[in-house]
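Structures follow.
Shared chain: chain A. Partners: chain B in the first complex, chain C in the second.
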Partner chain A sequence: MSFDLSLILESLPLMLAGIGITLKLLLVSGFLGLILAVALLLMRISGKFYLDWPAQAYIYVFRGTPILVQIFIIYYGLPQFEAVRDSIFWHILREPTGCAIVALTLNTGAYVSEILRGGVLGVDRGLLEAGSALGMSARHKFVYITTPIATRLSLPAYSNDVISLLKSTALASTITIADMTGIARTIVADTYAPYEIFISLAIVYMIFTLGLQKLFGVIERYLGRYTRRDG
Partner chain B sequence: MEVLTGWWDDYFWGAVIVAKVFIASLSLMILFGLIGAGAKLSNSRVAQKIAGAYTVIFRGTPEILVILLLYFGSAILLTSIAQIFNPEIKFVDVPPFWAGTIAISIIVGSYATETFRGAFLGVNPGSIEAARALGMSTLQTFIYIRIPEMWRIALPPFGNHMLSLIKDTALISIIGLNETLFVAKQAITVTGKPFTMYIVVGAIYLGFSSVITLAVMAIEKFGNRTTIDAK
Partner chain C sequence: MDSMTDTETRPLIKMIKVNKFFGPFQALKNIDLEVYKGEKIVICGPSGSGKSTLIRCINRLEEHNDGNIIIDGIELTDKVEDIDAVRREVGMVFQSFNLFPHMTIAKNLMIAQQLVRKTPKAKAREIAMLYLERVKIPEQADKYPIQLSGGQQQRVAIARALCMRPEIILFDEPTSALDPEMINEVLDVMIDLARDGMTMVCVTHEMGFARSVADRVIFMDAGEIVEQAEPAEFFDNPENERTKVFLNQILSH
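Here is the complex of A and B:
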């Protein structure tokens, strides 16, 4: 057993070629997941049971099962049905990348909607009362009071979820997608050098994670610029 | 549903393996979490740095990479050690059960480190002063004051860590552990019904998650039976 440094230098560019797919999975499903999360949130806080209950059931199922199982159900499972293969969604679900994005979106949407709900529930009631006193309608209060404050409150938890979404994109390699992890697994299968390859890839992911943390730190400071009490 | 006939017992034994992995990794996760929290709260700069690196590394690396690295990495290490004694040996590996169990408990342990650290810091200083006033030793204070107060604080996030653990067990099927996801793969090659087979896996995991959630709620109720709700 030895640690082959030249192998790392050789394979790092190969693995980094998968960075585009990893980023695509992260950004597309992160964006779509956020839209889904807001929709689920609105259903949850609508106060109407026929909207609230389905959203709750959805969140319960998607948070209670492993993301890997969800990916497999969508990629391997759905084509079992004729109706799916004939539907307009087939050109998305036929591609492994499309399936991974669908699975990651559905999964992250469930988690993020709970985070956003925590933010909405954390908004000071006094502010909403002040809004009512100023004669704001429910919609105005939601847009101008709840939304900005809830965004700030839920941002720290949301940044954690984006990081776990980044880590989940690595699971796309299980359905033949050549993201960074997928490429690394192919290289390891050829060279049988798991230490060199997997450790250097882990460092790449860690750099990504730290970058995301820094980015969200900047956004948090920006959104919280009115709340600082120093100076 | 008749396609499932004959597979129920395979799923049952798969679920038993999931439960076994869960119990083994839960104990290890608590151990890693306590060691990590102890190191972070210690006065030793070195211990703090090591624990800091531990949490940064394993919270920033995809779970699947850690599992693959531990499984293939330990196999190479063991093989090269075994070949020193007997050059005839071709391949030695750690059983997937243990490679996977250790991997997921290291990962979730890094999250538990932060939870336990926060919970120890959350112990009321007044309680500790009171213990000292009563003449309790450091060890007695730890056992009778710190631990009983700390676990109540740690329980809600710890419940989430348990849910992460149970869901991460699904990833161990990638290195060949014959748990439910692995059973489903076999069943699919025979029956050609991927959706049905993976939905069963999802249902099993949902069952496990529900049991854990209910158990955490019950323990929380038990833990707070003597505390007066100040609100």
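Here is the complex of A and C:
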């Protein structure tokens, strides 16, 4: 079989036109998902069952179903309800991009909240006791002790989830969105050269992943500055 | 012991028939204890005898199940304001130092001053440096805890407690996690505090410290106060059989 290098060179710029959409999906759902995750985390650790249980149920549903199915349900399913079409959310949910962002946000929020909870549970109890002994309130302890330490502890797993989210954005191409994967599929349909096109697409995702890894590496070193003796 | 009642009329710490359970296990049994201003108390006893639990009840890190604990006239109940008020009076030094690892030494000493005492930042730093001088490590102010030795970290922890200007300091095995060569630098700070008249309750196995500093040594076993006496009496002439066995074990080598 032949491998057409010039086809790759021709199609790369076309696919790169989808970077904007891919990045938008990643950044917007990554950001909103993080906010959702913090809200779910606070519900989980509130110690109040009427906050904890709904959060647990939510996390179970969104971790228990494929993200592709979630995208389909939101994109194909929700518009069937008149209440949805009449609601203030309709101007988001009528657009495929809006649907993809909603699905990715809801999904990543469930995962990230559990990652953050792991970080919170990893904070040494003795530090919180020291805070109590100094008279710090529960809120002070959470803000000044738990949050900074849990953030550092959560970061490796969190960066994993962000990289995973980058790849999940490719699923948006299944609901007509022209992200990098969506454009690649269109080119394949025109050229019948899936091998070259998808390999170059894969390489683009790998380059993005490398960038994310480096970025998180920098953040990790910054947040971990107090864990090294040589300071 | 009522030999100290003449120093003050009201005890700073008063525990009346305090019981504490962990599930079915009774960690404290009918503890009666009075500590007066300026007194230095050493609590010793075998592992699991309830010594740490006892002092952790004094600042409500553990909740007692019944009996009364009254700190400087404030009874410890579920009321958050009372707990806060007591914790403002009572400092604590832990076996594992428990410095905040993500804050510099100075910040460790400033954070509670700023949040709890509402001390302005510059003033808090000034107080922090004052107590770092006192524990003889002002030059470490801008380092992180991990960069200090264990002995230095524990001295910082003592300075952190002092910054809150407590009436009482509780020491929960302050030298047990230290390498032998660092124990004395921490004990020296504690002796210095004792000379200054600080009210101290120390859980420790440092019998030399107990003998030279304590006004009273308390021996606990199985959740009870078995014996308490002035150090000379306690070490040279223990009354209870369990005390004798314990002292033999720790002083025999």
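Operating definition for what follows: the second predicted complex is superposed on the first by the 228 of 231 C-alpha atoms of A that agree within 3 Å, B and C clash if a C-alpha of one lies under 4 Å from a C-alpha of the other, contacts with A are read in each partner's own complex, and residues count from 1 in each chain.
Going forward, a contact is a pair of C-beta atoms (placed from the backbone, for glycine too) under 8 Å apart; a residue touches a chain by one contact, two chains touch by 3 or more.
What you see is a predicted model; the values in this text were computed from it and never measured.
By the touch criterion defined above, A:V218 reaches neither chain B nor chain C. Once the two complexes are overlaid on the shared chain, A:E129 sits against chain C while remaining clear of chain B. Put chain B and chain C next to each other and count what each touches on chain A; the higher total goes to B. In the superposed model, A:I35 makes contact with neither chain B nor chain C. By the touch criterion stated above, A:H140 is placed in contact with chain C alone, chain B being left untouched. Residues of chain B that touch chain A in their complex: 56-57, 59-66, 68-69, 72-73, 76-77, 80, 163, 167-171, 173-174, 181, 184, 188, 193-199, 201-202, 205-206, 209-210.
Interface residues of chain A facing chain B in the complex, by the touch rule stated above, are 1, 60-61, 63-70, 72-73, 76-81, 163, 166-171, 173-174, 181, 184-185, 188, 192, 194-195, 198-199, 201-202, 205-206, 208-210.
Chain A meets chain C in the complex at residues 124, 126-127, 129-137, 140, 144-145, 148-149, 152, 225-229, 231. Against chain A, in their complex, chain C makes its touches with residues 59-61, 84, 87-88, 90-92, 94, 96, 98-103, 111-112, 115-116, 143-147, 157, 160-161, 164.
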